[in-house]
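Look for chain A in each of the two complexes below; its partner is chain B in the first and chain C in the second.
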Partner chain A sequence: MRKFILNYLIPRIGQYLMVIFVGVTLTFIIPRLSPNDPVETQVSQMMMSGSHVSPEEIEHLREALTEMYGLSGSPWEQYLAFWGRLLRGDLGPSLSTFPTPVSTLLGRAMPWTFGLLLTAVLISWVIGNVLGAIASYHEGNPAIRLVDILSQAVRPIPYYIMALVLLVVFAYYIPIFPFSGAYPPGMHVELSWSFAMTVIRHSILPALSLILIGLGGWFIGMKSLTSNIISEDYVVYAENAGLRQNTILYQYVMRNALLPQITGLALQLGLIFSGALIMEVVFGYPGMGLLTLQAVMANDYTLIMGITLLSIVGVATSVLILDFIYPLFDPRVRHQ
Partner chain B sequence: MYRISRRKFLAQLGLVTASGALASCAGPITVPSNQGNQGQVAAPTEAAKEAAEEVVIASDAGEVAPGVPRAETLILENPTGRVVPADDFNRWRPGIQSASTGLQQLGLDALWYIDPDAGIDGVWDNSLAADKPIYNEDFTQMTVKLREGIYWSDGVEFTADDLIYTVDTLKNTEGMSYTGQFAKYVASMEKPDNYTVVFNLAEPNSRFHGLFTVRWSACFMMPKHIFEQQEDIVAYTFNPPVSLGPYVLKDFDPNGNWYLWERREDWQRTTLARFGMPAPTYVMYIAPGPSDKKVIAQTSGELDVIHDIAPEGMITLARTHPTSKGWFKSFPWAHPDPTLPAVIYNNEKPGLDNRDVRWALTLAIDIVRVAMASYRGAATISAIHVPPTGLYPQYYFEPLQPWLNDFTIEIDGEAYKAYDPEAATRIADAARETLGDLVPTDPEEIRKAIGYGWWRYDLEAAEKLMLQAGMTRNDSGIWQLPSGEPFKMALLAEGETRPVMNRGAAMIVENWKEFGIDATLDVRDNASRSRLALLGEFDAEFSWTIETWGGHPDLFFFLESWHSAFYRPTGENAAGRNRMRWKHPELDPIIEAIQRLDFDDPKGIELGLEFIKLAAREMPITPIMSYNVFSVCDEVYWEGFPTAEDPYTNPVANWANTKYMFVKIRPKA
Partner chain C sequence: MLTVIRDLLKYDGRFRVAFVFLLMIFSLAVLSVVSPHDPGATFKVPADVPPSLSRPFGTNSRGQDLFWWMAFAVRNSLLLGLVTAIVSRVIAIFVGLTSGYRGGTIDRVLMSINDSFVVLPVLPILILLSFLFQGRLNLMSLAIILGLFGWPWDARLIRAQVLSLKERAFTRTSVYSGASPFRTSMKEHFPFVLPIVFATTINNMLWAIGFEVTLSVLGLSDVTIPTIGTAIYWANQHQALVAGIWWWLGAPIIVAIVLFLGLYLLFSSLNEYIDPRTRLRRIGA
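Here is the complex of A and B:
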């Protein structure tokens, strides 16, 4: 146990913290390299509206906004102040929607992204892997072959093209699904069966666009992995021993082929925190993708940092969790 | 103990999930609205039943929210999109996102409104003010008489204290809107009685009232009894907002996607009551998304008023959804805003500091192709430096036609007639090739829809002007400065967030390239573009600097900052609208003369005409067209929207002036 902690856990935790530190530092630096300044954005908006303000008054306003936004001081002072706030759990105020805290905006957007993408990823992963394994093991089956062809055809399509097609077909020409939003205007977020049903109904098209494309990828990957494993000695032995085909498929073949797919799933789950930008724009889904777009368009430093931080922590944490649970799946790692 | 196999568990899980998905496809349960507009249910007669069967949609309208009948709700687009943060209604803080959620249209009120079109009862409306502003002789004092009997939605009366508090607070609070203007102009205020405020101005300003006069927006009144209790005015979110307008905020989406307003029970104690009761019991502003979503929303009966849509979306609605109506009955549909997109040259740049070069660039623009590219031909063009909107055709365009027809510029010692009176007709002909009968053929209709003439597209004349200016072509035929240095023109433009501007700019660049100009399209986000333009770090920009009242002929709204006192050279932020850095000895006297006049003095139009003639001669910017907004109103639930035939106000949903629409529209019979 001591060896496990010293040689396995601690190095991985150390690596995790280092990744987050470097990621956060880069996130702090990069927006500030942009020539666009959030204070100038606000000043420019006022000037473009035709306000007749003298240059002295503009300078005064600039100083006031810089102070208000916490952008005064040298970059090093801002960096230290940022870490101080971060360690207290304060991501600062959003500059474009001042004085709303960044954490509030993230808290509102995250559940939508998490719910939709988590569901879509898990569904596409399960179905894709099951079908991929079956496709490889029962190669001659015509139905499976059809699924194979469709997966190959759908896989290269960008998910946002699929989203547009689904929107036009099922929200305009055959209007059976809503065309926008996570819930209809006039409705409030609440814990009720009717609201849950409404959310599910609104999420079907967005989820479908992600599932159909994602499914193709998992299918092809699993099929490829399985095709290597079915020729392994232990599989041949199990067949000769007379075990049922389904038992061989699920207990022997899939279980071994799943390991790389689990790694892929963990990474994919980590990326959930970034949202699916274009899908959210197409469907008007109030998730992290739309929030990111808003932050970038408005040069909102603090919101950009908050979103990126969440993404970095999400991916790093999912990899760390994967490192922790991998020994449970793979006895070889456990033995090492 | 009962054991369930993995297979059975997975099968049952799949069954439950599929059932849930199917159940959700059934859609939300809604309660059909009551018959009639007032929620009164009566036993239907045979005739009523037959009528009800015809009007399927209205009677099966359902609800937009619990207890909010669709048939009693007007749904409009909020062009801001999703509002973040959703719960911030402090209209007086710069950068607020919720201005167009119904806040400035229905919740707030101002002293005066000038309509961009004809107006509900003339272009000028005394709203919170009982009368027009009263100036002393030298415009150093302005007296405002307030309307009595106007109440905030919480029952407190609106008085002079609110006006004084608004100005004083904004003047003395850093980081608020209008701080600079009030600090500059307001020396002191007096309150002779509860309904009168006297402003003593720090310097003469005959247009000081403009700050309180709505043209899209203005300085709205703050409720003193609410704001004075707040510790930090800047951080205060004013949630829930206390209304001075005829509606109160009933509900809103914490994610910022919709805002629901309800008509006040005491709507008679608001300024709009002078014109009647606002018909919709409820008003909802939503963020439907891009153009394709707006088309879907309106055809589904979920959006009554579209703020703006791409020309293709308008054409789709015109062809497939007969109840969708634009400002014009047919082509070009769009409402011309009192805003003038133009090619704004930096008059300090080498080459562009020469009038002949600016004129050459103008004559190298093919307005037909620009109109087709930007608006599919549905553009209202303008050869002169005011937008062809509202009442300006009768104030400026019509009177100037003879002058324009005779106007000449000197090319190689000869008088060259630069004006093409048939430009609009040529645009109509080009548009008719794709839109067929939708495009009018009557010359008067074409004039109303597309405009008058424009400048000639004449590359030969443009060439002579360039040579006259000392420009030369290099071996590749590309124009260069007299010094032999390259003459490059990067045209700053918006991205796809405003496609008509982006496409128009792209076509202008193409025209210039054909003429031999080393031109490029420089697409930037709004913040970058405005920063470069304000600093003068650009060659040319396709945007607007000229905005007018629309209904009122006064040009001081934009002309004020064209005075040399506001001039800032390249490298310093332009103070106001003179991004083109244009100075002319004849310009200041015109502006000063207008400033000395009363706002309604007809001599203002004469001075305006003088300005237009000067600008035409000097061409500091090349005017292109009005900013046409494809506002589309759906007549499934409501009718009586403003149109070109009945221009009682502007239908563009985010304008505060649209409040007048609510007393004129009525439920569809």
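Here is the complex of A and C:
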């Protein structure tokens, strides 16, 4: 157990802290490299809006904004203050919906993205892996061949294009699914059966665009992993011993290919998350992606900062959780 | 080189499809040289004409011939992909060779930075970045910035390859002959990782072009430059689907799908080709 903690858990947690450190430092540095001064941008926006503001008030505003953006003091002091505010969970007020705190807006959008992403990733990962394992076992089967060709065709398509195609086909030409949103505008958000059904109906297309692309990738990965395992001696032995085919498939072949696929999931999570953001924009799904679009449109600097930071922490934490689940699938680690 | 292409055309169906698709894309990109219209000019041709033989992609509401516009778009998107791939290849090769050959503390530090970049969700960071530049980000700067984020997956691949090369006899011969670590890496190890570098170049181009589409659709890149992403951006701005001008959105989608499929199939075909085990299985040995 001691060895397990020292050799496995500690390095993983170190890695987690490293990701957050790199991410937060990048988000700190990037705005300071930009040619635009966010304070001056805000001030000139305020002056352009036409309302009469006296020079003293502008000076006051400038000071307040400098304070809010954390731009006072030396770079080093700014950096420490940045971390301090972050650790307190203070992301500042949103500029476009002043004075609502950024954290409130994020809290409202998070559950939508999280729920959809979790469902889509689980479904595509499980189905893709099972199909992939079956595929290498029944190579000549025409249905499997078809899945293989489709996966190859779907995998490289960017999430945005995929979502757009689904939207055009299933909401425009064959209008069987709603155009956008997660529920009809004006509907009251509540915990009821009918509301849940509405949300599910609205979520099918967004989820499908994530599932289809993911499925192709997991299928191809699993197929190439298992096609190597299938010729291993222990599989041949199990076949000769007369074990049932399903037992061999799930417990001998698939089991051994599962670990690299979990690592693969951890490595892909950042990309899948980025894909989900853009998918939400296409479908008008009220999660983090749509919030990002609104922030860009409204020039809401603090909101974009908040979204970036939360995304980094969220994805890193999910990867950490996956790393903690990993040993449960690996008997070698579990037995120590 | 030519024999390799001939062999691949003969034995690999995926390569055949990729070859035809990419040929179409490259021809379109090359055609941009003889375009009768300037991509920035508007209302040179009648607006909203559906696709026909003389105008294969139709024209849009801004009075631009979509065929010629897409020619520029494809050229720019390919250029962006290539520049990104070159920048990220240089970093990946440097990190991969150093980390694999030096090992120890340098390896641990480089790989933990590497893994952090793998896990980081790049899109929010890029959105923040391009938001701050307010659409002033030209194609080259965007390509270089993407390159700074696109290297970690391939650096790991190269490192894995070098780890096994390090144990081979020729590495020891080189070291005992007094070659510096840099010379050993570049002269002895680099040629072995070249095939991976080539294959991953294609994959990296896919990644970069995909990101460009994403950023442009949000209106975060310089939307006056024709690319596959800005083509979709303008169609969305004019609500092409609502107005029934489906070909405005259809042109970039079809071009994107052909380009992405072509590059991906080329990548997976080459990947298999450089792995001798799968090549042997294909011949049936």
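Rule of thumb we're sticking to: the second predicted complex is superposed on the first by the 249 of 336 C-alpha atoms of A that agree within 3 Å, B and C clash if a C-alpha of one lies under 4 Å from a C-alpha of the other, contacts with A are read in each partner's own complex, and residues count from 1 in each chain.
Basically, a residue touches a chain if its C-beta (ideal position, glycine included) is under 8 Å from a C-beta of that chain, and two chains touch if they have at least 3 such contacts.
Everything numeric in this text was worked out from a predicted model, so none of it was measured.
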item	value
Partner chain in contact with A:T97 - chain B first, chain C second, else both or neither	first
Touching partner for A:T27 - first (chain B), second (chain C), both, neither	second
First (chain B), second (chain C), both or neither touched by A:S124	neither
Between chain B and chain C, more extensive residue contact with chain A	B
First, second, both or neither for A:I176, with chain B first and chain C second	first
Which superposed partner A:S194 touches (first chain B, second chain C, both, neither)	first
First, second, both or neither for A:T113, with chain B first and chain C second	neither
Which superposed partner A:P184 touches (first chain B, second chain C, both, neither)	first
Common interface residues of chain A - those touching chain B in one complex and chain C in the other	35-36, 168, 172, 281
Contact set on chain A toward chain C in their complex	14-15, 18-19, 21-23, 26-27, 30-31, 34-36, 38, 152-153, 155-161, 164-165, 168, 172, 266-267, 269-271, 273-274, 277-278, 281, 292-293, 296, 301, 304-305, 307-308, 311-312, 315-316, 319
Partner chain A, residues of chain B touching it in the complex	20-21, 23-25, 27-29, 63-66, 68, 75, 82, 84-85, 88, 94-95, 97, 174-175, 177, 179-181, 183-184, 234-235, 251, 253-255, 257-258, 260, 284, 286-290, 292-293, 295-297, 299-300, 302, 525-528, 530-531, 534, 547, 557-558, 560-561, 566, 568, 572-577
Contacting residues of chain C [partner chain A, same complex]	14, 112-113, 115-125, 127-129, 131-134, 136, 153, 206, 209-210, 213-214, 217-220, 232, 241, 246, 249, 253, 256-257, 260-261, 263-265, 268
Complex contact set, residues of chain A against chain B	35-36, 40-42, 44-48, 50-55, 57-58, 60-61, 64-65, 68, 94, 96-100, 104-105, 108, 167-168, 171-172, 175-177, 179-182, 184-189, 194, 197-198, 200-201, 204, 281, 284, 286, 290-291, 294, 297-299
